[in-house]
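Next, two complexes with chain A in common: one pairs it with chain B, the other with chain C.
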Partner chain A sequence: MIRTDRLTKRYRHNEALHDLTLEVPPGSVFALVGPNGAGKSTAIKIIMNLIRPSVGRAEVLGIDSTRLGAVELAQIGYVSENQRLPEWMRVDYFLEYCRAFYPSWDNGLAEELVRHYHLPLDRRLSALSRGMKVKAALAVSLAYRPRLIVLDEPFSGLDVLVREQLIESIVDCTPEATVLIASHDLTEIESLATHVAYLNEGRLEFVEEMEVLSARFREIEITLDSPSGLPSGLPAAWLDPELSGVVVRFTDTHYEPVRSRDEVARRFAGVREIQSREMSFRSIFLALAKSRRTQCA
Partner chain B sequence: MVPFRLVAHPGVPIAEQVAFAAKKAIFSGKLRPGDPFPSVRALGRAMKIHANTAQKVIAQLAAEGLLDVLPGIGTVIAQPPAPRNGRARLLTRDIEQLVVQAIQIGVSMGELQAALGDCWRRLAREDTA
Partner chain C sequence: MRLILHTLQKDFRRLWPAAAITWVMLGALARADRWRADWLASSMEGWMNLLLTMAWVMLAALAVLEEPLVGDGHFWTTRPYRWPELLMAKLAFVVLAIHFPSLLADVFVLAARGFWPADYLGLLFWKQILFFAAVTLPSIALACLVRNFTHFVIAVFAIAAGIAILNGGFQSFPDFQRQESELRHAAIRVLLATAALAVIWTQYARRRVIPARVMAIAAMLAAAPLSAWLPARAEYVAISRESGGIPRISLRNSSTEDTSAVLGRLGGTQPVALLPIAIVPGAAGKLFRIPFVEVEIDAQNGTRFRSKIPSPNRPFERIDLVADTFSTAQARSSQQEFYSPPDWLALRFSVPAWERLKNVRVRIHGIAAFDLYRRGAAGVLPGQGNGDVPDFGHCTVMTAEGRYFEEMLKVYCESPRGLPAASITLRHEPSSREWRIRLNSSVTYSPGPHATWLSPLHRGQSFFHLTNSVESMAGSQWLVPISYLSSARIEITPEIVTGHTLAGFDFGEVTLASWLVPR
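Presenting the complex of A and B:
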């Protein structure tokens, strides 16, 4: 659905995106996550042809992103955090106005979305709350049943109820549509996403299927017989090893039950107990972000 | 409404978590034989999971004999198998693991049996107790 090849975006003094190569498979719900300023929005803007890459290319629905035209855009739903809406329009007029652009507009679906979101048809967009504006933008983006849905930080600044409604709408679009969501927080979509790409400081740290990711991360806690120092040259796959008394703790990024145990036994003398704990996606990303920071320091 | 809920359990594939929640609902009688099981759409919405994941859950439950797929009607909860003796051996490995863990953390046999009984009574319908 989307393919990027060594995508790089340079501004005068900094590089917002470096060498991004990834593929969003059809039917996936693809989460692009990372801290603020990681390059998520830059990537999305290139994909949507709002800005041009300095190097590399992106292919969307089979064509080069810089050549995206009306035909392709009519098959892509796009909602972004800082999207500008025609604020002076009333909601009913806004729907009517958008309808004209999309041959595949589905009136029944539009009405259902208006009802589901409780959109006030007779109000101007400028008079709506932030949550309502996002819902209005999403309603007009889903009503033409796009093949591809691109959401840039759709949940930021929204209350839980609105988030809930947005997620339900996204669920309803699966498996027919492919969804790309950029978000700094994965909590909402971790059960829904099929793939996740983690960006940090413009670079892709990893891209993986969710099931694979949750299987390979574990928090490991080792209890030693007697206090000792941390051995040097521990595997790079062990993030931020910490020692406190007889307890060693780290995040294993390539966990395999047997192999990880053997590795621990090889590195430490007098291991009394090894515990491995499954990690939520949130703690996985936190561990990654933290380890990057300590490496830079 | 889908009569079971997903309690997030990190590190376990989401399809497995949903299938397990559904099984608990079936064994505890929240879903009874003949009751309709949620459609792919309804299950996806309720659990906030991808339609393909919901499809996978339903296919798995059907393959395990917990659901009957009635063409043109939908999916319903299947009749449970009659209790049979001699099947506990299928759980040997799980039981060993549980006992080893219990001993490791200092749980007595009586305590473990009581906990097992409590859990059984909580999850299983009266007629299978």
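Presenting the complex of A and C:
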């Protein structure tokens, strides 16, 4: 559905994106995550042909992103936090205006979305709250049942309830669609994404399925018989090891039940107990970010 | 087509208040134009020409900026617009909101002034095409290059300031006899329109902002010097025809003639050398005008000066030498003799230039441009009334009051086609007296902008000064007795240009000091 090959974007004095190579499989909900300034929006803008790459290429719906035309755009729904809507339009005219561009526009779905989002048809977009504007933008981006939905930080600044409502509607209204979503809000990703790519300072740190990611990350807590120091030469896959009295904590990024236990037993003498806890995506992300900061320091 | 109409409908829905404002302004301007019977527009009409043009520029930009082409956050850029349809929708808006109302206003003005519009439809369409190429198209192109309307307004004012500087701003006494260089205007129009088309295509088809901006800046940088420094002779090189033979210009021997009459017309305090010249016209025609002369003076000491033609397009130019031709007969005669050829070459120097040249032998050579013409059939009008003059236009003779409440007879002519130069003769047969003036021989004071490029009519006028006395006294021979008007006839003779040519001359070595005119 989307493929990028060594995608790089340089501005005058900095490189916003470096050698991004990834593939968004059809039917997936692909999350592009990372801290602010990681290059998520840059990648999405290149994919949507809003800016051009300095090096590399992106392919969307089988064609080069720089050649995206009306035929392809009619199959893509795009919502971004930075999108400037035609705010002078009333909501009903906004829907009516957009409808003409999409042969696959579904009036029934549009009406359903309006109802679901409680959109006030008789009000101008300029008079709507930010949440309502996002709903209006989503309504006109879902009503034609796009094959690909691209969302660039669409829910930032919205309250949890609205966010949940919007996420539900995306999944419910277009179950067949492939979704690419860029976000630094990890809780919204967790309930939605099937795949995740983690970007940091313009570079891709990893890309994998959410299930695999959840399976390989564990918060490990070791209780020792007596206090001792942290041994040197711990595996690089153990992030941020900490010692507090007789308790050692770290994040194992390559967790496998048997292998991980053996490794712990080999590294620490007098292990009384090993606990491994599943991590939320938010915790995984924080551990990664924290580890990155420690390395940089 | 469906999406063109859809976008067009949206643009009108959004922009109709702005469009309506321009229509009201256009209505007011058309009304003023319809009632004007004077070459010079009132300052209100002058301002309206300026402001309406600006309003149209803004309106065209607003239409384009409904779907801005610069920036990556615009809603429309990720919607399935096809660029040709989007561009067509914008052009359709411009045509319907700007050019069609303008065309209707022109038709109204022509009809109201007694011209049958159907006879001039070609001219009216051509006027819209020129306006499109010179104003609307560049406005669309500029709007394609800016992020928002605020940026557009700032850019427009910066460009307008540049144009004002290059055109000398508003002149209180408009020099309407100054030759406007058609070639320069055409070259600038072609350059800007071509660049505008390239910018529009680059932005709509490819959305490549930086190359488009580079193209636009390059076109403006090229247009500015073209406007200011395209040599006057370039136009004559382009349009001159030599089939009729080239006039010859030489120095006359006489140096003892009375130059006071010519001096009276020269004015100023600069050092002036008056060289007696003789011009032998070529076979193409005996009647000619010399719109400009370019003189080069090479001194034996290596000093060289080239004459310059003062122009409001070059407000900061330093001028050391100005060359012009004069006819003694024209200067001396109260009944101006229009057709006598120039017999003096006047060289006006700056003081430093004169100091370097006055005592050395110099070689004077250069070129003169010739407009060859023939006299057309004269149109005859009564002392007061109106009528059509063949190959010219519709003319009206009426009494008018001058600036100092003096009575004058005004001869006013207008035509949808350009008015050629013309001589106007007031003939009173019972007394065998006649008075002659040229069309547009009077300068009128104008406190504001006076250009009326939006008018479909070309206008010209001249005045005869009137007196209550029938006696002709010394110094009053140019006054026309009011009592003559009832039995006078006005003859208007157009001077129809038949060709143009350039003629070189070389006077050899002279000492300028011997031609210096004492002040």
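Assume the second predicted complex is superposed on the first by the 293 of 297 C-alpha atoms of A that agree within 3 Å, B and C clash if a C-alpha of one lies under 4 Å from a C-alpha of the other, contacts with A are read in each partner's own complex, and residues count from 1 in each chain.
Methods note: contacts are C-beta pairs under 8 Å (C-beta built on N, C-alpha and C of every residue); 3 or more make two chains touch, one makes a residue touch a chain.
Source: prediction; values computed, not measured.
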When the two structures are laid over each other on chain A, do chain B and chain C clash or fit? fit
To the nearest 10 degrees, what angle do the lines from the C-alpha centre of chain A to those of chain B and chain C enclose? 150
Quick check on the superposed pair: does A:Phe101 touch chain B, chain C, both, or neither? Answer first, second, both or neither. second
Once chain A of both complexes is superposed, is A:Gly69 in touch with chain B (first), chain C (second), both, or neither? second
In the overlaid three-chain picture, which partner chain does A:Thr194 touch, first (chain B) or second (chain C), both, or neither? first
When the two structures are overlaid on chain A, which partner does A:Ser280 contact: first (chain B), second (chain C), both, or neither? first
Does the superposition put A:Ser80 against chain B (first), chain C (second), both, or neither? second
Overlay on A puts the nearest Cα atoms of chain B and chain C apart, in Å, by 26
Do chain B and chain C touch any of the same residues on chain A, and if so, which? none
Can you list the residues on chain B that touch chain A in the complex? 6, 8-14, 41, 44-45, 47-53, 55
Considering the complex alone, what residue numbers of chain A touch chain B? 27, 29, 167-168, 171-172, 174-175, 191-194, 210-211, 214-215, 217-218, 278-281, 283
Enumerate the contact residues on chain C facing chain A in the complex. 2-3, 6, 10, 13-14, 66, 71-82
Okay, in this complex, where on chain A does chain C touch? 45, 48, 50-51, 69-71, 73-74, 76, 78, 80, 82-86, 88, 93, 97-98, 100-102, 137
